[in-house]
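Read through the structures below before going on.
What follows is a pair of complexes built around chain A, which joins chain B in one and chain C in the other.
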Partner chain A sequence: MDLLNALVAVLNYIIVPATAYGAQLALGALGVTLIYGILRFSNFAHGDTMAFGTALTILVTWGLQGMGISAGPLPTALLALPFGIALTAAFMLATDRVVYRYYRRVRAAPVVLTMVSAGVMFVMNGLTRVLIGVDEIRFADGARFVISPQEFKAWTGLAEPLALRSTQVITVVTAALVVVWLFWFLAKTRTGKSMRAFSDNEDLALLSGIDPNRVVAVTWILAAALTTIAGTLYGLDKTFKAFNYFQLLLPIFAAAVVGGLGSPIGAIAGGFVIAYSEVAVTYAWKKVATYIVPGWEADSLMQLLSTEYKFAVSFTILIIVLLFKPTGLFKGKSV
Partner chain B sequence: MSFLDASDMTGGYGAADILHGCTLKVEKGQIAVIVGPNGAGKSTAMKAVFGMLKLRGGSVKLDGEDITTLSPQDRVKKGMGFVPQVNNVFPTMSVEENLEMGAFIRHDDFHETMEQVYDLFPILREKRYQNAGELSGGQRQQVAVGRALMTKPKLLMLDEPTAGVSPIVMDELFDRIIEVARTGISILMVEQNARQALEIADMGYVLVQGANKYTDTGAALMADPDVRRTFLGG
Partner chain C sequence: MKKLLLASAVAALGAGGAFADEVKLGISLGFTGPLESMSPTMAQGAEMAMKEVSDSGKFMGGATVVPVRGDSTCIDAAAATATVERLVTTEGVKGIVGGMCSGETTASLQNVGIPNGMVMISPSATSPALSTIEDNGLFFRTSPSDARQGVVMTEIIMEHGINKVAVTYTNNDYGKGLADSFAEAFKAAGGEVTIVAAHDDGKADYSAEVGALAAAGGDALVIAGYVDQGGSGILRGALDTGAFATFVFPDGMVGATLENNFGAEVNGSFGQIPSSEGEGKDKFVAAATAAGFDGTGVYSAEAYDAAALIMLAMAAANSTDPSVYKEKVMDVANAPGEPILPGELGKALELIAAGQDIDYQGASSVELIGAGESAGTFREIEVKDGKIETVKYR
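Moving on to the complex of A and B:
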């Protein structure tokens, strides 16, 4: 019984939340890796693009709610998502036209483009705050739980609760669908293949008659979709706060680098590596330890790092990977 | 009128000219080879023909049409195929995807052309689902040539196709190039292995310092004592 309780505690506090968080990071890292692979720079504006896309989605959600439209047990934000994506994509394409296109034409070094993206980051940062403010916003509606903790306890008779929130299930299912679609798109469609060719060997792609402007545009649209979906899922699962999204930049980049920049499968693996590490390192293991070793109570919380320091986990993993395996787990490009 | 007529090409990458009135002509279905010492401007001459280099003087005509001002992409549409010396495949894409990308500008059904490429290079059919980056040097060159053939070019340009492959593979590649020429495609090729290349060449151009030094049929150049002594090692 104690072992079962320990297992449920691990499931409830680590596996379930980390899986949802990992899926969100994976989507974010996919966007980073796509931009790195095809446009050849690290996009620092990624976190704030997530915030911007989510803010737009929230505004549309409120609009839909105002009109009395809802998705029943599902969050209304899912209905608003396509609008959020379209608006964000339009914004990204406009940014490319006004900002990035010039630097591509003068064949600027990747580090210059990265600094340019930092500038874009500050602009989007401000824009998001003007648009929706700095406060924490809860916009999840619909059914709250798939498995509620009280029901679970009553049903199993265990001391430990297990909660499975509907936003967590939605996150994982949506992320899985998006990933399957993206891989199909890259592997099977003419446009997807031309994007991979462009990423592989730009000069040869140009010789083959692949239109670079089209590849760039499709990349921004995909990045807009991935960021908006990732941001909205993160916001549904937790809450929306512009500053938190800016901070997500670090774990997202860590995920992309751990997996190997430019490798989509690596981005997904990296997302989960970072998420599980972060949650496991900041979890207080005292309760689980008490269940596993009967008759012994730890003096401390058995927490390796307090949650305020969770970003240190991403940093540490990032540094270890860059030192020992700079191309990442799935042989991406070295930074 | 030759099929490819690149006359008096003068130009270079920066302020200094590399090509000084270089002329290259290829007849339909024939093989022309550019040889010469290192730094003679062989690759530069070929890049000039393909439009990767801005010319200060001279003209490039393909099938009678002046294409001097066209971009490389537009020249591909006019019927030129170019195989660069290095980085000439998409390494993380399969052999078949490489060929598909070669056919990117085509909107008709290209599967027949793909079959022809597979017939020409049977090893590629065998490795069609393998990534091009995982193949041997000789096989990769075959992918590169196959990719360029996918647009059904009328003129195929090869920049040192046998660089870094073993002598056996080199002979095989030359055999394949002859086969390609037999289908009516003109071939312009830069070669480091001058002797072997001139053996299969209908026309040979010996470049020195960006200008034509000797121009004759491959056999005549092979027989010329001057050429033999200076460029073919006796």
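Moving on to the complex of A and C:
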């Protein structure tokens, strides 16, 4: 029984939340890595694109709710997601046309493009605030829990609760579907293959008749889809607040770099490494230890680091990886 | 140099003689900076008290009190110090209502107030650190210290039959000060604090914090944070994982956002915010409305009381010298004596002139305790059916 309690405590406070958070980071890092691999710059505007896409999705969600449409036990936002993606993709293509295309034509250095994306970031930052405001918005509806903590306790008679929110399940399932689809797309379809060719060697790709404009457009559309999905899932699981997405940029970049920039599988692994290390290293193990070793109560909380250092954890990992394996865990490009 | 000093001393004496019927009081508040929206009504509160005293004609043989405003900026300690320096040395004020924020107040008090022997009464600095500062009896405040809130919170929690809590605080001076003073008070009262963990505002994910808090355990979770910031993130995480069912909300967490975003989910949770009520407050708000400003503005009533205390202490000591009247501040503020409400400053001056004791109540039910800070009244709240309801004032 005590062992079960320990297991449930670890599940409830580490495995479940870290898996959901990891999936959110992984989707964000995938977008960063895709743009880095194909367009060859670090897109600082990524966090705010997530905020922008989510804001659009929320507006459509409100519209749908106003018309009385809902997705039953699932959040209405999932129905609004395709509209959000389409609008965000249109916006990204317009941004590319107005801003990035010029810098591609003059063959600007990647660092110049990165700075340009910082400019785009501030514009989108402001646009999102004008569009939907700076307040915290909760737009999750439908069933809240798959397993609610109170029911779990009553049902199993264990001392420890276990909660599994529907948004966490949706996050992980959606992330898995998106990743599988993306890998299939990149590996099997003609467009995907041309994108990989373009990423590997731009000149050779051009010689073999690949249309660069098409590759760029598809990349932006995919990036828009990934950011909007990641942003909306994050907003469903937590809440929407424009400023939080800006803050999300750091762990997302950490995840992409740890996994190896330009490597899709690395982005996913990086997301989970960052999420798990943030949660596990700052967890107080006292309770779990007390369950596992009967009749012994630890004097301290058995916490490796206090929680204010959780960001230090991800950046320590980042530095270690960059020192010993500069291309990241999965052989991406070195920065 | 000696001649210059002598000359200026003579000039100062001469000036003192010429304007004996005019007493200047400084108002050092953050007219620019993060709390600039709060400052105007505070200054107007203080100026209303000064006008009331001047109009009564009974202050120091018919002297008028002239306010001099200065900008303390709230965040820039150097600018605040320069402002107070100007008020003291150039304007020659006899007392200061201010400063506004804890850090800036500490700096100007230590660098200017104490060396010059100037009395400063802050209407709004709440850091517990100001309670123990070496102030030579020159510093007072009409707002309660957050240490006081820690004690009040302890009492409320104990009355709910809870004696084991976890504490999380927003990682800044406010959160840290409040969490530390609460933890100390709670332990002193025999309670157990399982963990005191910081959280940062505006972060992407609070699973780690919630996990640590849950592992430490406790019958309730005290969230010394902001409801528009990380405090909500922690609360959401703790509710969703079933880590805690009862929460304690200090002032930063009590707001409309709490009702809107959590509502019935936090039924049975409770907390407190500094807030005064009663006849004094009502009278003050009415007088403020008549004077053309909003008396319900945050700390406006406390600013009125700060100015009134300085002037009544001057009257009681029959001197505008800060080193003399500083001894009288506690006397006029506390019992025994005739209770004085806003609008009765003239009556208070009469009573003092007649040699009677007064007990200044003012707009915020002033009762100075410890090193000269307001005991404060707190509104105890409880969430019932998704609404924040007032239980009582304490």
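As a working rule, the second predicted complex is superposed on the first by the 318 of 335 C-alpha atoms of A that agree within 3 Å, B and C clash if a C-alpha of one lies under 4 Å from a C-alpha of the other, contacts with A are read in each partner's own complex, and residues count from 1 in each chain.
As a working rule, a contact is a pair of C-beta atoms (placed from the backbone, for glycine too) under 8 Å apart; a residue touches a chain by one contact, two chains touch by 3 or more.
All figures in this text were calculated on a predicted structure; none of them were measured in a lab.
A.B. asks: Between chain B (first) and chain C (second), which, if any, makes contact with A:I14: first, second, both or neither?
C.D. replies: second
A.B. asks: Who does A:K286 touch here: chain B (first), chain C (second), both, or neither?
C.D. replies: After superposing on A, A:K286 lies in contact with chain C but is clear of chain B.
A.B. asks: Please work out whether A:G209 is in contact with chain B alone, chain C alone, both, or neither, and reply first, second, both or neither.
C.D. replies: After superposing on A, A:G209 lies in contact with chain B but is clear of chain C.
A.B. asks: Among the partners chain B and chain C, which is in contact with a greater number of residues of chain A?
C.D. replies: C
A.B. asks: Contacts for A:N201 in the overlay, against chain B (first) and chain C (second): which applies, first, second, both or neither?
C.D. replies: first
A.B. asks: Report for A:A29: first if it touches chain B alone, second if chain C alone, otherwise both or neither.
C.D. replies: After superposition on chain A, A:A29 lies in contact with neither partner.
A.B. asks: Starting from the residues of chain A touching chain B, keep only those that also touch chain C in the other complex, and list them.
C.D. replies: none
A.B. asks: What does chain A use to touch chain B in their complex?
C.D. replies: Residue positions touching the partner: 190, 193-194, 196-197, 200-201, 203-210.
A.B. asks: Which chain C residues qualify as touching chain A in the complex?
C.D. replies: 171, 195, 197-200, 202-205, 207-212, 214-217, 228, 232-233, 236-237, 240-243, 257, 261
A.B. asks: Can you tell me which positions in chain B touch chain A when the two form their complex?
C.D. replies: Answer in residue numbers: 72-73, 76-77, 82, 84, 87-93, 97, 100-102, 104-105, 147.
A.B. asks: Help me check something: in the complex, which residues belonging to chain A touch chain C?
C.D. replies: Its residues touching chain C are 9, 12-14, 17-18, 21, 135-136, 138, 148-150, 152-153, 161-163, 165, 234, 238-239, 241, 243-244, 247-248, 251, 275, 278-279, 282-288, 301, 303, 306-308, 310.
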